[in-house]
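In what comes next, chain A is part of two complexes: it sits with chain B in the first one and with chain C in the second one.
Let's look at the complex of A and B:
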């Protein structure tokens, strides 16, 4: 329904460029929408207060919701062509909204209302869909491995050095599980996450999907990948899936049951919150290597800012986006709450806490493994990712075989891609 | 009239059994007592199973957030009242009672609107002869089959053009205009069972439709109104999608949305505050139900007996 509605909404006219007689001191009201929790809402409130010191006549009404509800509401608004002027945006939805011309072409505003000096060429390219810049990254993150050093020490096993082969990682997980005596495990079956499959493909110079949105992997490759998980599934090296389901919505790592987890590098604050500990016991290391010297990792936007094509005040919206992306004041307010800032001028204002410093150090340490970012995710990528996760879970529970899982995944993916 | 004297041979009344079987009495009573004890134990066990989630929820409100996922047992390892303190502080600077008040306003007005409009519409369908009433009734029943998701986009566009977003009007106007087909249907069925002779007698006395509706139908309709009121209140109180779509400012949010704000999987989730707020939000619905439950049962029972 939502995609049909978006299609309906996409029939608008060509966007006009910025108006020549824009006056930043004329009274204007903007809507700003973001997802997040209470803490982030407080940060936005402070940042808007700072923005109003500069532009007192621009009133910003902000609204926030948790991530799934945020998108549910946006889909309805998009159908009514009534999106908020400025939105925090997610990479997974960028292609869908851009192709339906729901987002403002930012090019005419770049340099004039939104400064670009703080961005590198590659980070500026993140929000480009079919040659049009429809969003700018707020922060970047990379695929990483978190380890709970305090918990590893408690079990008596040695720490994971990072960047080993997958087999060595599996051996290490087994050693931790053995030392943990049935209450602590080395990690979660890594084949349950599509990102681990993605970095394996990237080691061979491929991505999940090409520019045209076609998959770049075969059934055999996926079967081989999921088959690889059998060496840790059910051997006691990784946490049993049943146990994981018991502690949901927390992850095994967040619940203090596993000592490592492969995820995005900005998830540390969430883990620290879940563990109820200070983040000093958390360490960030490089994920296992599939092929030595491969450029398998990449920088992804943790989130972006976009302006709605239906905005009546694109210039004022652009000024707000510039402030939220580039200003040191906003940097000082947000810290790394929205990921490690993509803009260097924004980053300059950030007072890095120890965890953020670890992220910065980590992203510097993997420079040699960082390759070009894959094309902007295909429409429906979120559903594909979720299907992969569900099948990983079912493999863990033993309710499907690898062959069945591969067939189910391809049939679901074909349906989503054909829409 | 059947009396004890007319009892057929072989059929003993309770009194006769008691009189005749005096020596057997203690055995019967013991067996009765034993059965009662077994029944009570069984029922208590069932009640424990049914109520366990609620008891678990209560104790969970005393667990620190970090204990979730690690301690799935009933009792907290390190009991704390911090969760309630954080709930008291509210979200985004707005105290929780404000969200509760918003919900109460919306749910109460929804009850008033739903009952008023559906009683009037029900009366019209059941008692007033007008052209096309059958087609209109069928169309109204047809709207019951329409999923909310089908009408939500056109409705959103209309309210957007009327500049009524971020107000409670989109959530309530339909209820005042009798668009809740389920409740209209409930009233129609109920009014159809009220004898027409009552209306006709009133008509002879010179009463028109307004007078018949107000003085005759409404008093008799009370069980249906109470049933409708309770359902309308609970459904509106728990409604999530409507407020999510139409309300934008956090200070206008209703309680179900506020409860979700404690959990954002992309940043940190406050599980402790979520369960504490959930428990608190159950209280008004529970109170509403306790106060009106007798009327609810009476209403449903009366409906069953009629017809």
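Let's look at the complex of A and C:
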């Protein structure tokens, strides 16, 4: 019983570290998992082909899923300690997987199999939880607003300048919706995303959670935020939630039904793929700001790479991670699809296509709004974020009131944080 | 099952050892989790509406097939096929596309002057859409009904006809009583089956149970609690509540069956 409990707790002792007799030319098969769409899958396929030019004996079996399903699958695998060797990883789950020793301690592999020269001290620190490096950032991104300029022009409405107040943004969305005549809307209700709530809090100098993992917002603040959503939806400026559900898993923006969307700045290639067009009509601009001069935005790892602690081939996995993170070849393949590369050697390989240039320009343009990054997300943050999204959806459908939604969110959050 | 029962009384996130919470999960379920109550409600709605409609459709088609002699084999296979493929992922995807805002169902209804909009994102139409999907898969109970109908002695119909009974009277006074054991069997089986709805709801709602939790059937909710939120103890507790509810419903059915199910040779 005690040994079973230890096994469940993942207390398997210190990691063994790299094998002294590892031969990169010995036949090895690795599993690689990532989230994304067909566009990204094509990039990975090309990158793996280039990796195999260097390491022909390392076979890489890659699989991909949309983001929510990707994590559901990982959670099931984590339960059985059967995670894929190499994973694209999300910041929201880093603490949970690291604390439970599901990820390989990368320290013995850094410098030897994974080059670190291209990273700064701070970017290397992103993947450190409780003093252990369990992941390395692929790229960085920031919260942003995408606008579909081609669609805006088509409706005849004027362009959104970016960085206005939320009220001005709502007015602009209303103008687009009016010009769109019921088939195009200005945007999606921004109160459905926890990141918009987060930047509102950060405008007041707070984060969602403090260093100890305690929430830094009250029920009244959340009720006020969701109440604003009701006002915007009431004007007809945003796409009806029912319509959004019809086009899911595409977003309203990806389906060409809305002219703006607040999201992470590396989502452009996905949108271009969804829209079935080149990205030339997409523009990146600063999100609305709650208080002028606020340091509400921040750079976070767009995604990371981690190796499973259960991997039978940690050295080969480390070589693959090194290639995907540092090589110029991979940089040339991915561009900024996975965020603005964190490794300078990777970035050197990136041929800045117009969309990548827009991301670079955008992150430069918001320098004055960038504040310190919040603490590494609490364990269960992924579930909290999803609950927020679902309640936002229900508010849009009118199946819950703001008060009910706030109560449900706090009850759920309390349970998750106690877990 | 013993492990699952134990876990139902614990807080267990898979990564850490289970922590005993007594009846905490059950108390939370009924006092502090409106989503659970709503899931239970939509599941019961689906079971109570979907099962009788499915059985009625199965019986109607079985009666039709029982009355024809030419091509019955072909029609039997044709009607049975959906129950083989109905639970597949591909059918759920097709269903979603068919009932979407610009899908063929909506377009056809518009031609008839009915403006419903899409069903997929409509809180009022989501369950009817799922019921249509399950009713479409009536093949399995239909085959069982058909087998039961073949067992009804023709002399009974002849005697009823001689007594002046019309088709409706013969149906209620001969077919239904003689078929009652088969009806009971199908009812029990399909009720339990309806409680297990998962795959199609998962696909159609993109795993979220949308719109507004109307497709968040209890199995889907349990899955999300367990594997998305890693609340395995809570999910186990839900599983046991579902098991008990299904067992109670089955027990009620067995108890009431004594008054309406007729078995040949029964002296009552």
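The rule is short, and it goes like this: the second predicted complex is superposed on the first by the 319 of 419 C-alpha atoms of A that agree within 3 Å, B and C clash if a C-alpha of one lies under 4 Å from a C-alpha of the other, contacts with A are read in each partner's own complex, and residues count from 1 in each chain.
Definition applied: a residue touches a chain if its C-beta (ideal position, glycine included) is under 8 Å from a C-beta of that chain, and two chains touch if they have at least 3 such contacts.
Being a predicted model, the structure only gives us computed values, none of them experimental.
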Quiz item: Between chain B (first) and chain C (second), which does A:383 come into contact with in this model arrangement: first, second, both, or neither?
Solution: second
Quiz item: In the superposed arrangement, does A:416 touch chain B (first), chain C (second), both or neither?
Solution: second
Exercise. Considering only the touch criterion stated at the top, classify A:408 as touching first (chain B), second (chain C), both, or neither.
Key: second
Exercise. Scan A:85 for contacts with chain B and chain C and give back first, second, both or neither.
Key: neither
Quiz item: Taking the superposition as given, does A:72 touch the first partner, chain B, the second, chain C, both, or neither?
Solution: both
Quiz item: Touching A:105 in the superposition: chain B (first), chain C (second), both, neither?
Solution: neither
Practice problem: Check the residue A:256 against both partner chains and state whether it touches chain B (first), chain C (second), both, or neither. | Solution: first
Practice problem: Identify the partner contact of A:246: answer first if only chain B is touched, second if only chain C is, both if each is, neither if none is. | Solution: both
Quiz prompt | Overlap of the chain B and chain C footprints on chain A, listed as residue numbers | solution = 5, 69, 72, 76, 79, 246, 248-249
Self-check item: Residue numbers on chain A that touch chain C, as the complex places them
Solution: 5, 8-10, 68-69, 71-72, 75-76, 78-79, 96, 99-100, 102, 241-246, 248-249, 380, 382-383, 386, 390, 393-394, 397-400, 404, 408, 411, 415-416, 418-419
Quiz prompt | Residue numbers on chain C that touch chain A, as the complex places them | solution = 11, 13-17, 28, 32-35, 100-101, 117-118, 120-123, 206-208, 210-213, 227-231
Quiz item: For chain A, which residues are in contact with chain B within the complex?
Solution: 1, 5, 31, 35-42, 45, 61, 63-67, 69, 72-73, 76-77, 79-80, 82, 246-250, 254-257, 269-270, 273-277, 337
Self-check item: chain B residues touching chain A - in the complex, by the definition given at the top
Solution: 64-70, 72, 91-93, 149-150, 152-153, 156-157, 160, 165, 241, 244-245, 248-250, 257, 260-271
